[in-house]
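To start, the structure under review is shown below, and the notes come after it.
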Amino acid sequence: MSKSNETKYAIELKGITKTFGSVVANNNINLTIKYGEILALLGENGSGKTTLMNMLSGIYYPDNGTISVAGEEVAISSPTEAIDFGIGMIHQHFKLVEVLNAMDNIVLGTKEKYLKPKELKDKIQNISSKFGLEVEPEKKIYNMSVSEKQTVEILKVLYRGAQILILDEPTAVLTPQEIEKLFAILRKMKEQGSAIIIITHKLNEVMAISDRVSILRKGELIDTVATKETNEKQLTELMVGRPVSLKIERPEIEKKHTVLNVVDLSVMNDDGTYALRNVNFKLKSGEILGVAGIAGSGQKELCESIAGLMKVKEGAVLCNKENIIGKTPDEIINLGISMSFVPEDRLGMGLVGSMGMVENMMLKSYKNNKGFFIDKKPSRKLSEELKKKLEIVTPNVETPVRMMSGGNVQKVLLGREIESNPNVLITAYPVRGLDINSSYVIYDLLNEQKKKGVAILFIGEDLDVLLELSDRIMVLCHGEVKGIVDAKSTSKEEIGLMMTGKSMEGVDQDE
Amino acid sequence: MNMFLNFLIAAVFAGTPLLFGTLGEIMSEKAGHLNLGVEGMMAMGACAGFMAGLLTDSFIVALIAAFAAGMLGALIYAVLTVTFMADQNVTGLTLAIFGTGLSNFIGEYMLVNSTSSSLKLPEKITATISNINIPGLSSIPVVGQLFFQYNPFVYLGILVAILCGIYLNHTKMGLNLRAIGENPAAADAAGIKVTKIKYINILLGGGICGIGGAYSSMIICGGVWMSNSVNGLGWIAVALVIFASWSPTKAIFGSFIFGAFNILKYYFPKTWITIPSAFYDMLPFIITALVLVITSIRKSKENSQPASCGVNYFREER
Amino acid sequence: MSEKMKRTKEPLIRTVKIAERSKRETMKLRVIAFAMALLAGGLFILLIGFSPIELYGTIISGAFRSKMAIQATVKFMIPLLISSLGVTLAFKMRFWNIGAEGQIIMGAICSSYFALFHSDWPHALLLAAMFAAGFVGGGLWGLLPAYFKSKFETNETLFTLMLNYIALHIISFLRDGPWKDPGSSGFPKIARFEANAQIDKVLGVQFGWIIAILLVIVVYVYLKYTKHGYEISVVGESQSTAKYAGMNVKKIILRTMILSGGIAGITGMIQSAGSDMTLASSVAGGVGFTAIIVAWLANLNPVSILWVSFLFSVLEKGSSVMQSTYGISTYSAAVLQGIILFFILGCEFFIRYRFIVRGKGGVRQ
């Protein structure tokens, strides 16, 4: 790094605007970052952080505005050019080729000659040790854990000699311990003169790692402040636009009885390994049982086996003394077990994207109508009611749900489940991708159901939310229950350790 | 013994057009594009190769014409699916119908406008594409007959297969291509020019298919123009890609095995039962269907279809 | 570092997503695409040395110039319309049934059994039996790939394709062996159906056209207003959603493919007993493939299928007139159909995306 860089901004954005169809994702954004600095880009989901950064990495091209790198105005029209300008981005959904190994992924797309595996391995080892990264060069990506994959992503960027590093929500999938490790690496890179932008919506992380914070709200840049001169409360206000308390309610319910009793549940993967192994827990009426764990620890299998979608190897799920294993999804729905499962693709499971609210409302109830034909009237009525009650924003109830925003889609899904008066509600990642307001609407909806005595299984990924919303937290690791702890008395660190395999026996005060 | 040897040789003859079709489709699928139009591209190549041979009496020109015609078909497909992001299945099917129709149309057009009652390749080119005896080697008993007495297409096919294998598995370009087929977004973010490489490989694949078509019109039909000379070989080739588990070298053996099924009826010993010839005719198709079922029963993560195959890529997709 | 840096220009052409266009705008786009397809087809005609206007004129007049011509056009339309409706059912479920060709043939074979060997039955009963046999033959031929698809995820595109060829060779087996007409000299063929086994004419055309129109209504109602139709749409969109909602996905796939193949099978019965009056190996004659194009062009809407298949029949009939008048091969119809679909496929792009040329700015007003 020469002296000239010290006086120039690593990146300077002026008047950047980007629209998608009728949605304005970024409007007239101005932003700067220096070398040797960590800038946090703070904002709610949907505020346009990722879009803005994707314009630096060449994924999107701005409609308007200019980008300067190291003092020179440039046009970045593809990722190749971004790399040429020394910009590397680590996307939230990793951009790795699963069937290739770490080495191949790292050199992929670089312009240098085909290196012999041994030379390449040395070269990668060199970079790794410089920044304290650990990686097995010949391990296939699909055999890697989330944090290993992230390491490969970082190496990919470093291998290309990037001086400007962008990380999109890098901590979302990591345990508290892994986050600490990542931050140590980032600090090291900063010392070596890199400019780092970290996208996040978590305030404690902003305070811990950044030098300055830029706050985005609804596509606009609200302010940029020095981290030392601000606090979490002020940042929240800037982010949401008004003073809010980020406290999640946790009503206490007195009379509880066991609704769902899961006994020794085991499920196998296709490759013969255990997806779930001897899972035992009781789900009670009027409680929210949170489920924590690194992505892919058996959450999906747990949900799907309770809903009757997955073949179970051993064990039982007792719903009011009746074993529901072996029953069809149909019969389970009739028992009042309602699963609102939101996989990564929100429209992948609970809703049909090309259909409107009306037809989506019928999904589970269309069989109730006698005869050969469908009757849309009741579900049209229900749709209109829900639209009013939950303030769902949609032109009309026939508009395809895929055209609705994430928060509204989620309301449609949860609204439908709740309307069927379930006694068990299973919900996975219900606030993924939602802004703070929508998230709180969802929490309120869940709490309302809890007060009505519904037993809720809540699969979450944000530990802060799990700790505040749940009554108890069950931690999964490699398909095994590492413990069920009281949410009021446990800590984030404790859960983090359990997520990576440390058992906490006897914490469950079940009986 | 002699009968069996002849059978093997005939199998190689019958399998060669399949080999070209399979290799072409592998190239396209490795780029993430399932092109069901192989039948159409082969038909276009069949027509162009034959007509060019007819008019110029040159094998090289015929080859180039067949390659170019196959590429033209692939170009239509690539423009629609890569640039315009049209459905790959429907585009491929349409290409199959269009290519076959166009080839037959031009064939009939040439026939109507010619003075004779049939179109026949001139002698110089039929001499070139007849079997070559490689001096010295071809006279070795058995081995010589089995390996060194084929027409130039056969050697070309094997050469192309080996080159494709090296390209895919041992070069940087091949690595980039595989990455695109598996995860175009990852490849793009890594700085690979996704659109360009997709075009190149789809077109290359189309050209290879075109040569396979030329084989069926120029060799299988014995130098006389016939409509529908490809006659379903293109579809079998698409299935053979699965059988060969996307490997060019395995495609060589797969094609020859399927070639053997195609000509079994002429070599099956006449025993006390006579099997109707229609049964032999449907045999390759029955075997292909069985292969489809068997490969679908045993699935594996590697040696399987590139993950993004069939899905178009748009960089700004959200 | 900074020496390596280069200024690059905005890309020459880039693609951006736009808000989805309205139905009206979409319609307009398709009409433009169709016009451009005709233009491209005209260029092709010009290239082979004819006048496009003259030839297009011939196509239209050829299809409508006389009562006979119109009847012939309708005769072309019947099998195309019915089999398009058949494949639509499968396509709605995203089941790539490319096997209409084979299903038509199997329907024809099964119904021909009754026509050939039970021609002494009462006329109405015989036709009813043939009709049912046609449906069953096609339905079973459709069930086969559906079974493997639902059980092992076997690729249905290729499987149905292979079944086409197998069906074709079953006809030639019957023709050369068991069903060979002893009275035929030279090339083996299957005997002509007796009058009792032929479909009656209404308004000068076999009554298959009435069945076809009835089927348009039936399929339309089935897809739009019945539970089965609803299930097909859900399965087509996402199998996991369907499972989650308690649908028996396997059953739905099997059922729908019986219907899809069955309808194609009816085509076979109507074509053999209404038009060919025998079981010919050309009974399907590519209709099963053209049906896929028709269904797709019509956006899987039964009513639009009626219009598109009419248009295509005009093209088919017209091209046969073109052959007799100008000596141009009837394969020209396939070429033109292909061109039309290519353009329509290309135009779908502009419903959701648009291109931006360098320097022409970005924000859409």
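The chains carry the letters A, B and C, assigned in the order they are written, with residues numbered from 1 in each.
Keep in mind that, in the parts below, a contact is a pair of C-beta atoms (placed from the backbone, for glycine too) under 8 Å apart; a residue touches a chain by one contact, two chains touch by 3 or more.
Here the structure is a predicted model, which means the values were calculated and not measured.
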Maximum centroid distance from subunit C, chain identifier (CA atoms): A
Which of B-C and A-B has more C-beta pairs touching across its chains: B-C
Centroid spacing, where centroids are CA-atom means, of subunit A and subunit B in whole angstrom: 45
CA centroid of subunit B to CA centroid of subunit C, Å: 26
Junction residues of subunit A - those touching two or more other chains: 20, 78
For subunit C, residues that touch 2 or more chains besides their own: 16-17
For subunit B, residues that touch 2 or more chains besides their own: 316, 318
Subunit A-facing residues of subunit B, complex: 171-172, 175-176, 178-179, 182-183, 185-193, 301-302, 307, 315-316, 318
Complex interface listing, subunit A residues touching subunit C: 1-2, 4-5, 17, 19-22, 61-64, 69-70, 72-78, 81, 84-86, 163, 307, 309, 328-330, 332-333, 339, 341, 347-355, 359, 362-364, 366-367, 369, 372-374, 403
In the complex with subunit C, residue positions of subunit B that touch it: 36, 76, 79-80, 83-87, 89-91, 93-102, 104-105, 108-109, 112, 232, 235, 238-239, 242, 276-279, 281-282, 285-286, 288-289, 292-293, 296-297, 299, 314, 316-318
Subunit C - residues contacting subunit A, complex: 1-2, 4-11, 14, 16-20, 225-230, 233-234, 237-238, 240-241, 243-246, 248, 361-364
Subunit C residues within the subunit B interface of the complex: 15-17, 48, 96, 98, 148, 152-155, 157-159, 161-163, 165-166, 168-170, 172-173, 176-177, 286, 289-290, 292-293, 296, 327-329, 331-335, 337-339, 341-342, 345-346, 348-349, 353
